[in-house]
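Naming follows writing order (A, B, C and D), and every chain is counted from residue 1.
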Amino acid sequence: MTTATLLMHCKDQQGLVAKVTRFIAENGGNVIDLEQHVDRAEGMFFMRVNWELNGFALSPDEIGPAFESQIAEPSGMSWQLHQHSARPRVAIFVSKLAHCFHDLLARWQSDEWDIDIPLIISNHEDMRPVAEQFGLPYFCFPITAENKIEQEAKELELLAEHDVDLIVLARYMQVISPQMIEAYPERIINIHHSFLPAFAGAKPYHAAHARGVKVIGATSHYVTAELDAGPIIEQDVTPISHRDSIETLVRKGRDLEKLVLARGVLAHLQRKTLVYRNRTIVFS
Amino acid sequence: MTTATLLMHCKDQQGLVAKVTRFIAENGGNVIDLEQHVDRAEGMFFMRVNWELNGFALSPDEIGPAFESQIAEPSGMSWQLHQHSARPRVAIFVSKLAHCFHDLLARWQSDEWDIDIPLIISNHEDMRPVAEQFGLPYFCFPITAENKIEQEAKELELLAEHDVDLIVLARYMQVISPQMIEAYPERIINIHHSFLPAFAGAKPYHAAHARGVKVIGATSHYVTAELDAGPIIEQDVTPISHRDSIETLVRKGRDLEKLVLARGVLAHLQRKTLVYRNRTIVFS
Amino acid sequence: MTTATLLMHCKDQQGLVAKVTRFIAENGGNVIDLEQHVDRAEGMFFMRVNWELNGFALSPDEIGPAFESQIAEPSGMSWQLHQHSARPRVAIFVSKLAHCFHDLLARWQSDEWDIDIPLIISNHEDMRPVAEQFGLPYFCFPITAENKIEQEAKELELLAEHDVDLIVLARYMQVISPQMIEAYPERIINIHHSFLPAFAGAKPYHAAHARGVKVIGATSHYVTAELDAGPIIEQDVTPISHRDSIETLVRKGRDLEKLVLARGVLAHLQRKTLVYRNRTIVFS
Amino acid sequence: MTTATLLMHCKDQQGLVAKVTRFIAENGGNVIDLEQHVDRAEGMFFMRVNWELNGFALSPDEIGPAFESQIAEPSGMSWQLHQHSARPRVAIFVSKLAHCFHDLLARWQSDEWDIDIPLIISNHEDMRPVAEQFGLPYFCFPITAENKIEQEAKELELLAEHDVDLIVLARYMQVISPQMIEAYPERIINIHHSFLPAFAGAKPYHAAHARGVKVIGATSHYVTAELDAGPIIEQDVTPISHRDSIETLVRKGRDLEKLVLARGVLAHLQRKTLVYRNRTIVFS
């Protein structure tokens, strides 16, 4: 089944759902999934609608322009159109820790996710054997304060060459610089090993242990210029106790990080995320 | 803000969302909340839509007939219309255990819920002081195998007299007979102290302890003729360990029961539940 | 069954469990529950042991001195001895919000907790009817920047008069001043409506909403001089989504606050908590 | 650090902790971790104690006999002694589903778990490439009603040859016959994809969907002769809604199965499990 997904938002106004659904119905589309959300406090309207393209009166290329002129432009609406034919192309960035990396590769290899992984990028050699075991190209760019801009420029070239749609930072221990963030806005997902905004920055498990918290968490979020402050996609926590040392926090945290990163990436791949004012709407 | 809510379901067909939202928009209504769900396996369409009545072209009495003739009848649709003006009238049934009863009364007294509680019904005298402390009329009908039909008939009379919309069984330890269920279809909510379908029937904490489970649960559901088999509204669980005796299971379970019952009742009060084939759609 | 509980901690050293358990066994005591914890990083030993006093060779007054001279003094050990005969006397402080207050009173009234509540203290009149409905004395001390020290002095007098063991702040919206904290060290429990250390201070639900988190939390902790920075006893979270407004966060948070406060208070009442360096060991 | 672990249980009697800890202290052992549990209802005593062997007066071979004659025999105690020198040897059984298999292999390969995996056994060829990618020997024994006993006999031979300590059924879709269970009592761990005892047997996600539950679960347990009725080690659940189809239940369930199986296996590897009357004590 070929489908299309529209994500849209604008100032709330009367009749928006009716207009959009009539546009689809009059062109012979059957709605599979529709979810709208009105943020009363902001006075904003958000919607995601997904419909069957089979028998749709407009060709893939005509949908966008028609929607823009008939609906979006008159309503002052921002929108994205996604057609589910091409498999998303995902680059994974990794440093030295294997758990999230392994978890993502297993989902890809077992066809749990319908994606291509054209390349792996790292700042260390450690994970090369894992990438090779899964038959994936591995590019290593050691990064220092001096060569960072230059190395990232090479990475950007590679990403463009491989036509990458999404970058997943699978415990990649380097701050991403603004040039890369601008090249992939809302298309870089990071996993942070704390329930943000608590324990942003380095060594969150150490900080959690020192504070004596009774839960630890993980957060997947879009990367923005401010460190660990981007729009949150997914968060979850796990209970801990005084018996936990930093080592067992790290162990329990690994399982949480895998889950929270995978859920965040999946929500993005399903085109269920929409960012507005540094908050993420995650349609269900 | 006065609003109306329509809950509807029918065979899935093209253009349903468009038809319903156009009906609202053309009469000058502004949609506050809309959620649709298509069950692909069953080929069924479900929707909840809530809109502002202020400035709506149809009077409260005209909405139903107009919707029926313009939308529902041609689509073979079942629907319910709720207008949020009258406060729901909720009767609480209780036996000897105070925790769920106290929890519901506190929500009512502190205006967390916008309901009236016209009466309390019990098969024991134990909770009379609690009801009186909250200033609520308490009717006690001791029940035996012999007098059950007769006593329930008196209860039904009282319920009718007090114009009750919803019955909440707050750990009421009597099986409700078919006559009462038929009088209040999908309007009697029970809390069962296990994660159904595990441990249906009596003494679920004893059964859970004997089986050595590592979580205990609670389930709020609509009451149907088959015991503990009605449509589930809410479920949740709490972790336990070998250290838990039956006494501590009962204690931990109490907090879970309070929460799961309250969430189930709230979903009903917000008109977010729709039962189809013994399963409950709970709109979010 | 009359029992005694010893809570102890000291530098880790060989044979500590053997020494303590031999002390109990040789005096004819039967251990009901023993839990030890060694913090490797700190090199510290912690233990809680609870045993039957029936048939114990030492009288209640002799246990402490004997333990001190035979075990604690030679090992450099700090300890507390609790005998479970007297019911703990708990004062509740409340402001205008009813939910935690109601929840605690219901646990007390239904004998879920084996405590006395000699008095309620508030800075507002709002909750007086609730206290009266439960038959509890209510003292109101409106607090301004000018009269704070003076009013708290009167509260301290009342607390001393009523021989209070524990103070529970059930959403009491006033900072407790150092004089009261010093009078009740590790005996004042507060509920904060966020997963600390995130969103300390005022209006945590507003802050959580603004940051776009996907879970909200609650934290019960001992009150110390630094606001919201005392040793954490219990924490839990509940998932939220973009659909939640501040109002629904507040509503969902209320249920969480009730649970987390009740669990924290219960752990204290069961003498299962031991504070060391601003972290709480909560024995299971 | 070389350590030893004793797991023990017997009828509860006075002075047991003192006797065991004195045995360790008098031989110069330092207790790292001790946890006792008394089941009041059964009148049974359970304990796990872990201590440093460095400087211990008894050689590894002498500990067992000394403990038996000095402590266990006089107390009527059952016990197991584990010395943490040899790495546990774990065989994984798998059928066609990759997720649990991948998850276990990743933990092994990244040294999260200190185990050897001498062989993989399957009844299908599907997972051979995954095993080979990780460099592990893969033995395939297709099983029919006719050849089951015979094929299992070959498997038992292989397991003995490879000196296997623990068998993990990573979604292995074959009932294990009594001969194998007897050969590995409390040493075969299975993952069942429901919160047992609900939905035992085949197709639990279909059954969960049909019943309309609001949580799905997973259970890791020791395998016994009765299907899905063995002692439970770990259970967890994840919330679902009416929006979930069987396909999405299966997807969400996969992540839960991975976690719950891994936690169960880890508890066993850490010698933290003790089975008594079909229930599992899991020391913390």
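What we mean here is this: a residue touches a chain if its C-beta (ideal position, glycine included) is under 8 Å from a C-beta of that chain, and two chains touch if they have at least 3 such contacts.
Not measured: the values here are computed from a predicted model.
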Chain labels contacting subunit A and also subunit C: B, D
Rotation angle superposing subunit A onto its copy subunit D by C-alpha atoms, nearest 5 degrees: 180
Chain located farthest away, centre of subunit D as origin (C-alpha): B
C-D or B-D, whichever has more C-beta pairs in contact: B-D
Shared interface numbering between subunit C and subunit B [over half = same, under half = different]: same
Inter-chain centre distance, subunit C versus subunit D - centres from mean C-alpha coordinates, in Å: 37
Centre-to-centre distance between subunit D and subunit B (centres being mean Cα positions), rounded to whole Å: 41
Residues within subunit C bordering two or more other chains: 239, 241, 243, 284
Overall pattern in which the protein chains touch one another (line/ring/star/complete/other): complete
Contacting residues of subunit B [partner subunit D, same complex]: 37, 39-41, 46, 195-199, 211-215, 217, 231-237, 239, 241-243, 245-246, 278-282, 284
Interfacial residue positions of subunit C with respect to subunit D in the complex: 14-18, 21-22, 24-26, 28-36, 38, 239, 284
Touching residues (chain side subunit B, partner subunit C) in the complex: 98-99, 102-103, 106, 109-110, 112, 130, 133-134, 241, 243, 251, 254-255, 259, 262, 284
